[in-house]
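You will see two complexes here that share chain A, one where it goes with chain B and one where it goes with chain C.
For the complex of A and B:
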């Protein structure tokens, strides 16, 4: 079967696999959705009891125990791992991740943790895609596309939003828009959505009403963009602080997650709307039926940001999409209420309208992916009427938040570690080159006790300009001789028998080792203005690494990456 | 010295024996020893087509304060310079990635299970996965340090056996130790194996008398294995089939690793000598 499949044209192969991955991604998200709904319903009668606040703690702790000790799938909350696999590991993801994160996410969210099911579904879809691609022994570049297909299908299926799924995969996950990516990802996204529609019905998650939008509403959007940017920056920073502090203070993952869950449970005693995914709260807000006043709404924003940071930052399993939507809807509502108080005579478009814009603003800023934000809101509300306002808020909000938090929540850690390498960038190409394959071993080694005449004879026999000097007894690398440094001696035969190699060699020559990063090697080339450097390991000379060879391989690698 | 052997250090008496074995291998073959002292219970190896998660036996993380010193003492005692590997890539903050471009890797028979499981006939699932995917030969040392003075390659005529013989010849050349070829004829004539060797330009050594060919046309394979010297390192090719396939159809490697207590160098199906 594999042989028959491999005989097909590459693009056809990708499309067939993308469709299959779309089905799998769709099924994964439907399974998670149904399980979440079933477990939440089962727990519902107990949440009103005094012990209800302990549920998030138990769920998060169990989730951590399950991940770390049962399936031993140590990792983050999902999406950064998928991006890392794409950026650095040819899209390879572990098979166990296709199920483990779904179960851990179920435990976290169904018990009341403030997170969304999207990130686990993305890693699940990506992992399914990666392993299917590996089964068919696809090339790395194609495997990466299939991982993107899995992520797209998952998002498309969970939100019933095929365009948003496609754009999310291209904008946030792959980071490049090429036809070879676009077609399979779009197909996978559509298939994933259809699977979800067949099994769950074609429901628009947040059906909205028609809003009377005027020019003044559009102008007011700019203020909301500032507010959503503030909210998203706060969320991003708070998540980082909670993650860093909890990792430092508490060594055990289940204790961290449990404590985070306990605090979320305590917040939930006063603000029950912060618990779980929060889609029900969004629905109420969009339908303009949320009655509490301005102060409570403001506190809800703070509470949701805190609860989300505690849940995800402490190690609970879940995604950031749903909390962003909740925070955004509350922010929009908060802003609308302020506008009403300040300008009571103006006829504003309505709470639902500003809630939608708030959602778009927060998600665009947190993900630094405005197109995803725009299309997600348009699709999950089934309304193109708000398109102009959504574009405005998303773009302005993403721009403002970029000033304070330049990178998406998914990319921060990877960028800090230097692991986010986008295709066809300098760092990516250099990362694909291996020091061993660049090593030039056809060097003529000389020894310190050799006379100049022997060195001249060696120079005559080779095309090399660099001559490593090794101790003849121990084989230890001592230094280098560069042809330029000895040119004046070469034409003076009187010195041939009197000058020794050890008098000519450069003992302070900079050296590199096989483990060195090529970026650092290039920095050393620039710093020393040299064309070749010795590679030394355990004080032994292994060969030379030269700029010319690196550039030759660099060009070949660039051509490989440009093939698609 | 361009060749590097990766050793995952277990700070226990058992780990000392395996490290001694790696040190010996490196010293004799002029290979550079790279030691990784784990700080996390898992690491990942990203091979060409699969990512292998290695869940380490807890003993690997025991006494981290003394691990480095113990390893340094053993390596220096063997006349080598310690060279410790620090992971640069991390899939998650506690999940390091170990590069897969080494020339050899030393693995005990099991890396994830407790060392009490170690015995003849058992190779753990993670080690099998590494063998199946890696492009380098895997050194499976004896539980107690034992020097080897020759190499014996098992040659049955398959592609993997040719790869194993190529590796064996390379190690023999590097170490200067004599090489023997062990063949159990399976209803085929001597000339059949001879032709394969000639076709792959591997017959010269035998012709010149530099390589001894232990060719068994009679007797059972298990019984003939007694002719393998006790102080030889066995080099064998592995198909990388799953355990069920191995049980159903049998495998030379399984028989050898069940019977022979020698050091083994296993050449996997993706190995590029």
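For the complex of A and C:
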């Protein structure tokens, strides 16, 4: 069976696997969705009681314990892990990740934590894809695509938005658009969406009505873009602060998550709208039935940002999508109320319209993925009529927030660790090349007690400019002789018998070892202005590493990566 | 044709480790059977072509380059022939006569060779002193002859070659080499012979081809005995 499959053309293989992964991703998201609503309904009667504020704390602590001690998987919002796996490990993800996140996310969100179900579904879909790809013995390059397929199917089915799923996978997860990526991912997105439609019906999450959009609304959009940029920069920074502070102050993961949850619960006592994924609130806002005034809305924005930072920053398991949508819709509403107060005579397009734009703006800025934002909003609201305004707000907002927070929330950590390796970048190629591949072993070793005469004879015989010096008894590496340094003595026969290699060699020559990162080796090259460096392991000389050889390999690596 | 890992690495001129990584990453077309990787040569070549990767075999297909061996000098001189009483009063005239005596393949354009020799003389005289000149074209040209040849011409009367020491030239060695490397090799061997005082006095009264070639062969044996005098190992020129 597998052999028959492997005989197919590689693109056909990918498409078949992609549709299979699409089904799995769709099922995973439906499962999470169903269980979320089931648990929330079960908890519903209790949330009104005085002890209701403890739920988020318990849920978050349990989820942290589950992740760290039961399945031994690391917390966080999940998407960076998928990106890391893609850029560093050829898309390898653990099988347990496909279930562990779903459970921990269920605990976090159903109990009232302020996060979304998307990131766990992304890692779950990605991990299913990765393991299926490994089962079919796909190579790294194709496994990466299949991981993208899993992520796309997950997002597509949870939002009932196939295009947004496709674009999210390409824009945020894989970071490159090629035909070989695009087709399987689009197919898996469509399949994932279809699975969720069969099981849950084709519901547009936030159905809206037709808005009377005029020129003045488009102009007003620009102001909203500024506001959404502000909101998303605040969210990003706050998330970072909470994560760093809680990591340094509290050593135990479950204590961190529990404390974060407790604070969220306390906020929830006053602003119950911040709890959970918050889709209900968005629905109310888009249907233009949210009545509270400007001040309350403003406070809701702040409260939601705080609650989200506390939930996710403290190690709770959940995504950033849903909170972004909530913050965005509140921001839009807030802006619309201000407009109404300032220009009461103008007939504005309505609360729902601005709420939509707000969501698009915040999502695009936080993820630094404007296309994902645009298509997600258009698809989950089913209104192509607002497309122009959505594009405008998304792009402007993403541009403004880029000035303050240049990297998306998913990439920040990876960039800080130097682990974001996008395809075809210098870093990626250097990380793939291994020192062993670059080692030049055809070197002529000389010994410290050799006379200059013998060295000259060696120089005549070889085509090398660098000569490693080894102790003739112990074989220990002592230093290097570079032809440039001894050029002036070479033509002086009077010195031939009097000067020893020992006196000519450079003992302080910088050396590298096999485990060194190529980035570091290049820094050393730049610093020392040398063309070749000795590779020394356990005080033994293994070979030379030279810029010329690296260029050769580097170029080959680039050429091999070209998709044809 | 089926290649194994080692052969594929050789064909692509990369280490085996790199090939293994490319297999893992799915960058290279590979087949698997009984736990081993193997490559179909056609597939691999097509892949290399589309990715613009240089195949090592391309290198092997170019005509094999001439490599001088221990008896190279006297063999080249035998191919070129030795001539006596070559006429000429001017450099041009001497060279023209030498070129016409030179045993070249029929397709060679002797006029062109003549032009190349004169160009070289214009840059600097090839008269290296002690009455000897080594005329040669500016660039080593394989089209004259795939195998190097040296034509020796003893002149009827000494000619002023504008040599470095001003001594009129009595013998010329017309040197045609396919590569720079070969040219330098012969120049180096010949100059070793010419430095020798007894050889010089022998040269002045030499009157038969076999005599000269015999003497050169002896000198060459002497050089080969003295290893290390010449940069004879491959790769001695060029390379970092």
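Note that in this section the second predicted complex is superposed on the first by the 559 of 564 C-alpha atoms of A that agree within 3 Å, B and C clash if a C-alpha of one lies under 4 Å from a C-alpha of the other, contacts with A are read in each partner's own complex, and residues count from 1 in each chain.
One rule holds for everything that comes next: a residue touches a chain if its C-beta (ideal position, glycine included) is under 8 Å from a C-beta of that chain, and two chains touch if they have at least 3 such contacts.
This is a predicted model, so every value here is computed, not measured.
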For this session: Could you classify chain B and chain C on chain A, in the superposed arrangement, as clash or fit?
Result: fit
Exercise. Given the touch rule stated above, what does A:436 touch, chain B (first), chain C (second), both, or neither?
Worked result: both
For this session: Return first, second, both or neither, reflecting whether A:90 touches chain B, chain C, both chains, or no partner chain.
Result: both
For this session: Figure out whether A:184 sits in contact with chain B (first) or chain C (second), or with both, or with neither.
Result: neither
Exercise. Which partner does A:417 reach: the first (chain B), the second (chain C), both, or neither?
Worked result: first
For this session: Figure out whether A:539 sits in contact with chain B (first) or chain C (second), or with both, or with neither.
Result: first
Exercise. Is A:332 touching the first partner chain B, the second partner chain C, both, or neither of them?
Worked result: neither
Exercise. Which holds for A:457: it touches chain B only (first), chain C only (second), both, or neither?
Worked result: second
For this session: Identify the partner contact of A:479: answer first if only chain B is touched, second if only chain C is, both if each is, neither if none is.
Result: neither
Exercise. After superposition on the shared chain, which partner residues are touched by A:22: those of chain B (first), chain C (second), both, or neither?
Worked result: neither
Problem set entry | Per-pair minimum CA distance [chain C against chain B, superposed on A] in Å | 6
Problem set entry | Where chain A meets both chain C and chain B, residue numbers | 90, 137, 434, 436
Problem set entry | Residue ranges of chain A touching chain B (in the complex, touch as defined) | 72, 74-76, 81, 84-85, 88-90, 92-94, 96, 134, 137, 247, 413, 417, 419, 434, 436, 439, 441, 514-515, 517, 537-540, 542-543
Exercise. What does chain B use to touch chain A in their complex?
Worked result: 1-2, 4, 32, 40-42, 44, 46, 49-51, 53, 55, 80-81, 83, 85, 88-95, 97, 101
For this session: Going by the contact rule at the top, pick out the chain A residues touching chain C in the complex.
Result: 90, 137-143, 432, 434, 436-437, 457, 460-465, 531, 546, 548, 553, 556, 559-562, 564
For this session: Could you pull out which chain C residues touch chain A in their complex?
Result: 14-15, 17-18, 21-28, 32, 50-53, 228, 231, 233, 235-236, 238-240
